[in-house]
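You will see two complexes here that share chain A, one where it goes with chain B and one where it goes with chain C.
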Partner chain A sequence: MVESKHKWKAWLYLAPAIVLLLIFTVWPIINTIRMSLLENYSTMGFVGGARYEFGIGNFKQVLEYQNFLTCLKNTMLLCVLTVPISTFLALLIAVCLNAIKPLQRFLQTVFFLPYVTNSIAIGMVFAAMFNMVGTAFGTESELVITAGIINNVIEFFGGTAINWINAGSSYWANIAVLVIYTVWNALPFKILILLGGLQSVNKQYYDAAKVDGTRRVRVFTRITVPLLSPMLAYVVITGFIGGFKEYSNIVGIFGDDMGPTGDPGRLNTMVGFIYDALSNYQGRASAAALILFGIIFIVTMINLYVSKKKTHF
Partner chain B sequence: MSNIETKTMHEKDMKKVSSQQRVGKFVAKFLVYAFLIIMAIIIIFPFYWMLISSVKSLDEYKLAIPTLWPKTILLSNYVEAFNQANLGTLFLNTMYVGLVSTLLSLVITVISAFAFARLEFKGKNALFAALLATMMIPGELFTITNYATVNTFGWMNSFVVLIVPFLVSVFYIYLLRQNFLQIPNELYLAAKVDGTSDIKYLWKVMIPLALPTLISITILKMMGAWNSYVWPRLVANDEAHQLITNGLRNAFTESTGDVNIPVQMAAVAIVSLPLFLVFVFLRKYIMKGVSRSGIKG
Partner chain C sequence: MKVVLQNLTKIFPGRNKKVQEEVVAVNDFTFTIPDGKLIGLLGPSGCGKSTTLYMISGLQKPTGGKIFFGDDDVTELAAENRGVGLVFQNYALYPHMTVKQNIMFPLQNLRGEDKLTKEDMIERAYYAAKLVQIDELMDRKPSELSGGQQQRVAIARALVKMPKVLLLDEPLSNLDARLRLQTREEIRRIQKETGITTIFVTHDQEEAMSISDMIVVMKLGVVQQIGAPQEVYDDPTNLFVAKFLGTPPINVFEGSVKAEKLYIGDAAVLDVPGIDDRDVTVGIRPEGFVIDENGPFVCGLNSVEVMGRDVSVVCNHAASLNPVIRAIVDADNKVAAGATVSYSLKPHKVFLFSKEDETRLRFEVK
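Then we have the complex of A and B:
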């Protein structure tokens, strides 16, 4: 009797969560697949009584769409650049932090600071640091009032100022700024995880290496990296997942236009593509979302496969 | 004689080697500190630049050779930023949405985690596994349909639309369930024998024991409201319901070119301040929650 009463109670306790999940999680999954398989589907049209044929036209359209290919290229490029750079830097910082005693806690706090920031707000700070104030770029009467602090530093060391994000800036300059901002933003989480991993590593391995007189570099590649491999796999996988969903960092620096003045959409990403299509072309947006899910799924599986082979636990 | 000589030679060598080692160690330490301090400066620099730019006059900001410390401290930028971005209303809206959604979310999370951790019912494990599987799907996939759904419900431009769709977090349920599972079952059975109700037991025993996790969830949820941008922009972009991040971006659409950067930086500093305070006072809980989640906000 007590048992049956419990069963009834369990479902009562779970009811709010289940109802909300059915509406806002389960139904969207089913509906996304449905919409993606109806040619040129739009919710407005559907409500208006239009009928849509079954087919894979949305996927074809998305893949042939120049805009989507630009988004795909930008997303991939940012992933491929930011994940290795941030992982490597985070590893280096974590190992160094683990090797010191004085100032360790203080520096650890400093390195965690970017985590608790608002990526739109701090994106605006980065924009300000790279921004050139002036008029008529690229013309005879070009007038630069201030080149921005980053350019000031470059000029101080004898370089020439670069148009990073303003009208007429080059694609690679934009990408460089985004990579710097994304890495800055991604470091705290990775350092936190890797340092946590390092601190739980058994000291005996290092003592044995010391007795054997093993060189530092060798200790790093033969002991530290293998022992850290589960954490490294974790930060790489989450890094790729986050990278494929890149969006708000770009809005922070370039605004909703997703590109420098005069060239909107140049830096758009896959998530940005989905949001652009979301209110009018639900079929296309759904197809793009499923493609994004497919890519994330495949990349995660590859990462898991590789890390299973390489991880030592 | 020769024996003594070789001995001293040997000692000398040892001394030489150890002093060499000591120099090597010192150089290594020096390099480690130098690297860490340079990286720390790079990490901190944007915050520093935000703060000093926020108190500069526009003329000083535009100097060809920038000043690393403001000549005049102009606090009027903050007043201007506060008014231009309507930060007061945005702040109240965000606090309201953050508090209500955190409170409701905590209640749902606690009772769901309790059911999964303590009660026995058919299909429990299958249901839990299904919930965990949804965590793999990118949120953007849900947004497309949810946008249409909230439109059908007539929730556009309201607070409800900012709160309800995100009340259930599978991840938080998972986190709390793990925490609840660590509490021995005997306690629960003993309480049952004594005739204690589930709710009383939850309130008196489980919640106090799982408090650190609940605090982590609260902080992450509040930070989520503070930092959310995409969904609010889609469904509640009117002035009465706008949240702070969205309002900030809308108030300063231009971030490149000839714009009043000191005022922008003052607005950014105001928006960043609460996050900074949370960081200073509750760092432990954030770090704990973060290291287990891998998600931002």
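Then we have the complex of A and C:
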């Protein structure tokens, strides 16, 4: 127990962090709650001297707004599709990386590269790869069209090109591109965590399994996965939280229209919705942010509950 | 199942790429382990005893030489096909499984003809658990067990497949002193009951001596001596073995032989027929001293420690290579208080070693 006369010293050392947290985290949260509870709140109107009634009108508006439901559906869909796929792939890659000796360091770096690359930039590259029409140039009589590399590959193998992201593309083609991109983007972090977990597993468990004649599949399912379960739970939980905050990936591919040309907003997400509302309807944006927080909170609680039952330590 | 090691050698490549330095962990080890015996591999750390064990288990491949189980050459056989049970130093129990699941795990791996029904598995798991007396802890997780209990689970897991050979890597090193004593009796009992050829590794000579049928003393990858514990203790082949076995350790002196008499300092302490005149290293077991007022070997007296049945006399001598000399004498002997104490020596407790290569120089004991 610290003597009470020294307590002020402790507070002094903590002060810089506490002050910054109060200004940039605690106050914004309180302010968000305040704004969400003022009917039709708008900063501009506030400056103009408008007064706002206290109420839950913002929440009502958000929930009744058709656009919001689209955003919610898109966000949920991306989460449910990308988190399991990326976790499974990351586990597979991590186990493979852990099993090889030569080039391990090099490949580790290769797999980690997407993590340190700007996601908008990557999104633009993906957009180019999945492009249908590409760029047209040449004269009117001799028009040259370059398709994206993916469609080139599909056609090389005798398939027909798919309109992935351009005007007139189908919703599921868009989602497929987003899933591929999001999974690819989410892999490095998950691989890093799982590989770290694998490398900290005591090698003797594997020696013991070997002496007992355990088949490889069984070693994986009965030993590796259970021993990794705390890390798996961690990447799944953070994966869901990240998934619910999905925004920049879509901007990267489809631009801030959040949809293919001719159908803006079709792929909008929760965060996209908040950003859209932010410029004019801060009250509504705040309410949406709180709803998003509530959803993430509930999903994380479910995740924690499940992982407590399934993890073994 | 007898186990035959033939010129077994293990060389690890050097870590340093610039200096091609190889480490010879086990050097030309040849030994036949008789069926149903308990063998202790004994030596200081880094002597290659664990490497030998892992080569027998199949987890490490020998660089040279062969291993036979019975008449079958298993040198190239993978660990899982050798039918060995291995108990690791830190037990390596799967932390996410209960005791029962841990013990049943090796059985669930069996395939083809050997595949067991669930009832058979449970029955055999309980049989193994009863053998090591943990059948009441079957539903606990390893983290809920004490070190001694974990150790038993590890043994049960190794035994449940009815292995041809049971291998134990430092089985007692993680236990406290009392439990160690109890567990080593237990290992002896289990080995006797099952009759499985058992090889265990230890750096503790007392542990090895107390339960082994035979011990193998190793140093820097080279086998120094193989034999029954008492035999090796009574008749060490070199100074290393003599020093390594026995508590309190053997007393070592500078000495010389002149006209078939052994001199320590200026005193002729013993007749050593058959030894040429030369300088020697002398080892005398603590129980080799007999208090004798007219004895030829006079030492300075430091202190007397009474241990009940025995008395440990701590003394000093200019020629001693140990900091102090320890003699264990019967408590009936009254050690007279004084500056010195005189001993005569039991000839079969005195060993002479060459000063050059530390090998034993044998003299005739009358």
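Observations on the model:
Keep in mind that, in the parts below, the second predicted complex is superposed on the first by the 281 of 313 C-alpha atoms of A that agree within 3 Å, B and C clash if a C-alpha of one lies under 4 Å from a C-alpha of the other, contacts with A are read in each partner's own complex, and residues count from 1 in each chain.
Here, a residue touches a chain if its C-beta (ideal position, glycine included) is under 8 Å from a C-beta of that chain, and two chains touch if they have at least 3 such contacts.
What you are looking at is a predicted structure, and each value in this text was computed from that prediction instead of being measured.
Bringing the complexes onto one copy of chain A puts chain B beside chain C with no clash. When the two structures are aligned on the shared chain, A:23 is found in touch with chain B, with no touch to chain C. By the document's definition of touching, neither partner reaches A:301: not chain B, not chain C.
In the superposed pair of complexes, A:69 makes contact with neither chain B nor chain C.
In the superposition on chain A, A:80 makes contact with neither chain B nor chain C. Chain A has more of its residues touched by B than by the other of chain B and chain C.
Within the superposed three-chain model, A:218 lies in touch with chain C and out of touch with chain B [touch as defined at top]. Measuring only between alpha carbons, the smallest separation of chain B from chain C in this overlay is 6 Å.
Put simply, chain A uses no single residue to touch chain B in one complex and chain C in the other. Touching chain A in their complex are the following residues of chain C: 57-59, 78-81, 84-86, 88, 90, 92, 94-97, 105-106, 108-111, 157, 161.
Chain A meets chain C in the complex at residues 202, 204-205, 207-215, 218, 222-223, 226-227, 229, 312-313. The touching residues of chain B, when paired with chain A in their complex, are 28-29, 32-33, 35-37, 39-40, 42-44, 46-47, 49-50, 53, 61-66, 108, 111-112, 114-116, 119-122, 124, 127, 131, 134, 136-149, 151, 164-168, 170, 173, 198, 223, 226-227, 229-230, 234, 245, 248-249, 252-258, 261, 264-265, 268, 271-272, 275-276, 278-279, 283, 286-287, 290-291, 294, 296. The part of chain A that touches chain B in the complex is made up of residues 3, 6-7, 9-11, 13-14, 16-17, 20-21, 23-29, 31-32, 35, 43, 89, 92-93, 96-97, 99-100, 103, 107, 109-129, 131, 133-135, 145-147, 149, 152, 165-167, 184, 187, 189, 192-193, 196, 216, 234, 238, 241-242, 244-245, 247-248, 251-256, 260-261, 271, 274-275, 278-279, 282, 285-286, 289-290, 292-293, 296-297, 300.
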